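There are two complexes below, and they share chain A, which is joined by chain B in the first and by chain C in the second.
Showing the complex of A and B:
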């Protein structure tokens, strides 16, 4: 289904982004807590670059990710491409509730591995995305659960099944070759990146310091400057002797959800990736608005499956309300002095709650959707 | 089959969901109760006011015997004669500044001049939000001859570490000096001279005699700006800042060139602005009027007002006033309400002696007049005096305007007045001097109903919260109602179709139906943003009268609206249900009002009184309903009335008519008003154009909704 004025809207979005780039100075976007976190701050990047030039350790201050205009545009285009592919595969699988063909992904494995390594190198959390990536490469893009196909094929076999369908059932199995290919490239790229890093950092600190100051910095929540998440407030308040315990708890929290979700949603790797990004955006140590932009962009891919989702009205206006409330509370606390940290933290909590509702509702309605498919097939 | 699917997928909802469904099913009753309760509590506010109390113990006002003596009063008189003489042979007020500086120097205090340019009018409605104090100080350069000179005297505290300071401000107009302004300068100088001898000071004292020829606020804010944003000029800039006509201050006296260098004391703990106003004949006692409202409804810490009030009333015998709407004092209907509440209060008192709501009629009327003025001044978002400039830097400040009851030529009365005024200022400085930390104990968010009575945020939030409470419930009821209706319709369609499964798969999602309404909202909000930015371009037109400007503004707004509709399609073409549109409107207005209540509560409170009935009543004029003629006509009439009242220019006209009694329609006036708001970077401007106006337009959309969808469905049923 083509959208009206598609390219016009693209142009408008690009224009808006350019306007922000050109006139963003007045809004002080570079220092807004919603946009700029210790990991994404351009100012810290500049500082790190300057320190490197001065032949000091760049990790005296933290440098990491930089969101670039073109990167965003490419990402939007890629999401759209993925959407098309998902749409195609969905239509194919639903047409006669036939089987999906594994999309020929083998050529993309090195690229996927490269993207994965870079993302992990830059902010660590994408590490858990290895599960959906492997599932995607192994099973192909999202499809109704295997059980549906089995039921379908069994009912079909009674009435006699064509040879073509019988063969294509085999494709459904996990394709180990692609995954091995991916893992091979993953290994190569990580070695390559680590080698490059160690060469650059040889004089100023070495790899050890890099691990310590990047991944350690992410995992131990050392920078407690306010952001839209909840961890900064928690770790500012918590007693020091509990700190380690809660660090373990909060970091494990993300890992705990990886396996159950992977088992339940293994037939839908793209949706699984969406859920993972949403959970990470909720629980990571330095979240920014960009994280939610990523998963909200991915949400559009599942428009058909999530048509029956509940509370969408509430979620939409909740997101709008929180995103307006948060800067106001920040202003009240930092600039006007009539509020305090609790005001700003409250909006952070509300934001996390909204994200929780979104994840719970979307997973719930996706499972419901699959159940409905099964019921439709069996009846 | 479909019903079995539904049964399986809908487990029993949780308690909170069931509670929400219960409230939503009775939303009309709920909103009527909440709104009327909100308005009743709002009217009750004057009776709910509490007496003020000092919550910071370190202040201990009036604990020390005032040192300000008759000799200081004589000193003030001497200063006054001197400055009168200096004013006599002055050119452009420079000699006055020179005289003040010379007197300060004789006291052994530090002195410097601060030169500034008048504020140019700028359109920056977001300034209060983005850059609070990051403007670079504007230095006068060689081409300007029209500049003001503030004279700043600084006493270094003998016991302090120079990290904190108390600021005293006496504004005077250097171009046209009134005798009462000279009196306030004399008062300022005598207090300053006393403090320069005080051994107990632990905070620096800064005395700013502000040149108010461009307005008090401009002078004080220019000085504060330079105080907080140091400039590090390069050499070329230093040469440029030589000012025409300013050079002859120094008369070739080289060592006084140091007056040019900007001097600073520590962080400001508090500021006191005092001036002597016009003599009034009525009243038995000299009175002091306190002004406290800063920009966007920010107030100084209540403790500062408490100290001033306590010292003025209980030590120096002044009568303390706050600004009031005097027209309300004689209003008959207010008296009726007061009588009613008084009777109600006495009845309640008999039931439970702890309910002290039986406020005297006179107190209620006074309290309402003060409260109305307090709410109005906060809601406009424009500071009531130069204390507003201090609040922008998070410094608590209050303006005192003395109103003497004697003739300025009466020397005895004047000396007595100087003595009492000086002791008041000295007492306040002493109290603030005792503070060990920033003001933080008492309230920042309050309304005053009398100089010693206040309503804190916990109380005044109640009527607003009651007014706002029905909005989410009604929105949920409307969104849900339209959904069930849709399901019904879908079912009837689905039954007729043989292939139900494809219908389920292809249906474009019942729960996402509001997306169309959200799109309409988005377009209207975009329009509102554009309209609110238009004045920036309109102000660039040279020599436009207010009437021309406002006509251009209105025309451009309509053109933009039409253009947006052409681009995105008419709001009705997509077949948006009016219930969803109304639900969207109500949700957006509750977000908007909630936000505004945080930025400036008073604006949100006043806005809620107009908007919430308008939103709740709105329903399409064409909508069929099972009602009789009379209720329908009443509903229709109230819809139209509220829509008219909700339109900002109309509301402004009505407000003007009610307050002044003149009902002439002047188109230019709206422009002048809006100009006033954005010049002061008031958030009320943003509220009017980003919350109020789009909501009003949506309301109009609901009213004019064709309702064809609904009728279609009714026919189908």
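Showing the complex of A and C:
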């Protein structure tokens, strides 16, 4: 189905980016809490690069690290000239799309493995995407549940369809070979990346320091500067003796839902990937607007399946409201000193709420959609 | 024996001897007492008998001591004020006495073996020598005690004579320098130096040198240490920035501590932590806050060149008051009971504009330990006629004397001091004017008159040096209680002069608004001093070291360093010769910046800016007054090519003067302390934040699990219900409600 005014919209989007690049200087987008987190800040990258040039340990400055440098370099190569604002998020989105598209098109396991390893290496959270990737390789792209096919095939055999149609509807088997191929390449690529990192960092601290200062920094929420999430304020306020407990709880919460979702949605790996990215964007330690951009972009892929989703009006205007209010509250608190941290935290809370509703609603309606398919097939 | 070999001990030695005797009286008696108790218990004597045996002996010794004290009134009273009160208590029981002795821990190391040996051979000891007349015992004492006492005195004499003949002694000198300042204030600089020869020659025992300090040095292997407590800010423009007084005694507000250790590098951090705790206890200050690794750093060359064994820490907000001065005074042999330190009347010195008390230690195998204690105050003199004159133009400077500055007169010196002197220094500006007017630099000249005629006039050599002040010296040992010393200056003509400034006036300030980010700016404004010193070659350059520590919550982006010279932006490599940065780590390390800059001589002003982000702290990490802001310690700027050394050829070569010889330092100046406001969270919110966040998390977890868990049968039933609803519209409302509830949970 062709979208009307497609090229017009593309041109408008590119134009908007250009406007931001050219006239966005006054907005200080590079240091806005919405788009720049401690992990993705360009200033910290520059500082890390400067320290590296001066041959000091880049990890001394906690967050400005080599990995970011590589990431930004790649991003720059990929989307040269598009400016600062969505560099990191786009980088990620490109990667993830690469990852899924590459597999979609030709089952290029090595490339998928490379994309996966790099994404994990850069920001840790994509690690859970291994589940949808394996499912995707095993079962192929999104399809209605196997039960539907079974029912269909049985009904077809009754009605006596042609042999060709029957094979096309045949239940897909889990293709172990592709998955093993992927895991093999996954292993090779991760060894390769770790080896390269250790070679680069040999003089200034080694791999241990890298893990400690990158993944450790992500998992222990050490930087308490405000962002659009809720965890920064939570960990700034929480009593010190509860800190470890809550760190475990929040990090485990991302993992808790991986298995139930994978069981229930195993026939829809792409949608599973979308749900995972949404959950990660909601619960990660340093969220930014780029994370939401990724899953909101992916949301469009399931327009047909999620057509019956509820609360869309509420969600749409909720997102708009939060994105308008959040900068205002931030300004009042940080710059004018008339507001207070609670106001800004409240917008973060509302934002998390919205994301929760979005995830729950989309999963619910996807399941409902599958049910409807089955009902349609059986009836 | 030494006693016989030395026919006539000099008066000084006799004095020392008396002092020694006073010092060790109780140690010796304690030693006796122990010995007597041991012997007595061997012989089966009762406690009462033992006490009686010790009684007369002690009383006689006290008599001798009284005589000694009469001869040295100041020293005896000041230094052994505590001993006297102990004596009263000790008269009660022998046990209490020995305990007190143990507490004091001043037993001579060679004491008891000597005693024991003499006890065993009474005859040989008895005819050895006669005690000196001052220590002569009263007639007809019991034979055993006389014998014992004589032996001990003999031993003491021998030891004292031996010490005075051979090894260098512990010394103490006290000095005070007074100086009128151009802005109608007066500077007073107290300087006390105690020194002890290397440990091997003297053992663990000290006469004058504070034991706490020597223990500290030995325990932590300190080769250099400086600790300063400062209140107020040195006014570099008015009070001078070039002369040794300001370069070595202008200190940053609060506490500054640095130490060089003679230890392997791996042990230094642990030793530093212990040292901070020890000093904290010793000086009644929260120096122990320097223990945490976020508050000290190890500069390489920006502060003082070293091999990684130097640690530096500063507490800019530490309040300094009398509770820090009292322990500091305790390190002096006369405390503030006698000598120059007796001028330190608290209400007078703490109402000044600047107060800095410093302790500097140097220790080495060859030198022993040298402890320099200085106290610098800038006071507003209470003018003699009682009215304060605020405009300096065309008006007389306020005349003042020591009595007006301190509310005290000086009644003689601290008797154990080697020299005790008071200097009055007049600035080069005044000297130049006097020279220009044609009159001589006597103490009574055209412009001012000193209340007393000085013992000596010391002129600073003018060759090559900018500063050439002159100093009037007074020897305090010529004065006594009956004839107290008070010197003052009375101005005859109005005089305006200025102190020599440092090559650049350096100031530091914050730029930017809001609580997210900002910049630190360092501005240098040339005073054109180099033209006066080196002439004015145009292609020359001036070096400047910058040393700055920044706490971790001020996250400086060192790549954002920008340098503007005379308003024009320069590339960093043009100006920065050398740079060393230790980036900060959150809650672990402060950032340290060391830079060597090279400014062209023709430059009039330079500005350096560094951007930073403000950090966000945990709720527990904020101090009680979180909204006041956080202090960034002063930066130190030093100009290695400018040396404020001065020569005083007319100083007494015999006595020397630590105060004047110390006038050899590189010109350096400290910048202001910066106050950075940081954002605060709502301190009353912890429970709310925890409950809100956890509620949302539970909502997410529960509803998602619910959506996944919903069984097919259930849904079918629901679907059927929906069909029913379409048919039976009357139930619509209630079903909608149920569905809503289902959706929600």
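Throughout what follows, the second predicted complex is superposed on the first by the 321 of 379 C-alpha atoms of A that agree within 3 Å, B and C clash if a C-alpha of one lies under 4 Å from a C-alpha of the other, contacts with A are read in each partner's own complex, and residues count from 1 in each chain.
Everything below uses one rule, namely that a residue touches a chain if its C-beta (ideal position, glycine included) is under 8 Å from a C-beta of that chain, and two chains touch if they have at least 3 such contacts.
Treat the numbers as computed from the prediction; the structure is a model and nothing was measured.
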Quick one: classify A:337 as touching chain B (first), chain C (second), both or neither.
both
Regarding the shared-chain residue A:260, is it in contact with chain B (first), chain C (second), both, or neither?
second
I'd like to know which partner A:371 touches here: chain B for first, chain C for second, both or neither.
both
Please work out whether A:329 is in contact with chain B alone, chain C alone, both, or neither, and reply first, second, both or neither.
first
Of chain C and chain B, partner touching more chain A residues
C
Partner chain in contact with A:317 - chain B first, chain C second, else both or neither
first
Common interface residues of chain A - those touching chain B in one complex and chain C in the other:
310-311, 335-337, 368, 371, 375
In their shared complex, at which residues does chain C touch chain A?
513-517, 557-560, 579, 581-587, 589, 613, 615-620, 679-682, 685-686, 689-690, 692-693, 696-697, 699-701, 703-705, 707-708, 710, 712, 715, 719, 743
What part of chain A is in contact with chain B in the complex they form?
26-28, 94, 303-304, 306-313, 316-317, 320-321, 324-325, 327-329, 331-332, 335-338, 368, 371-372, 375-376, 379
Residue numbers on chain B that touch chain A, as the complex places them:
1, 4-5, 8-9, 129-132, 298, 394, 444-445, 475, 479, 501, 504-505, 507-512, 514, 518, 583, 587-588, 591, 594-595, 598-599
Chain A contacts chain C in the complex at 31, 43, 46-47, 49-51, 54, 56, 60-62, 222-226, 230-240, 242, 249-250, 253, 256-257, 260-261, 264, 282, 310-311, 333-337, 340-342, 345, 349, 352-353, 356, 359-360, 363-364, 367-368, 371, 375
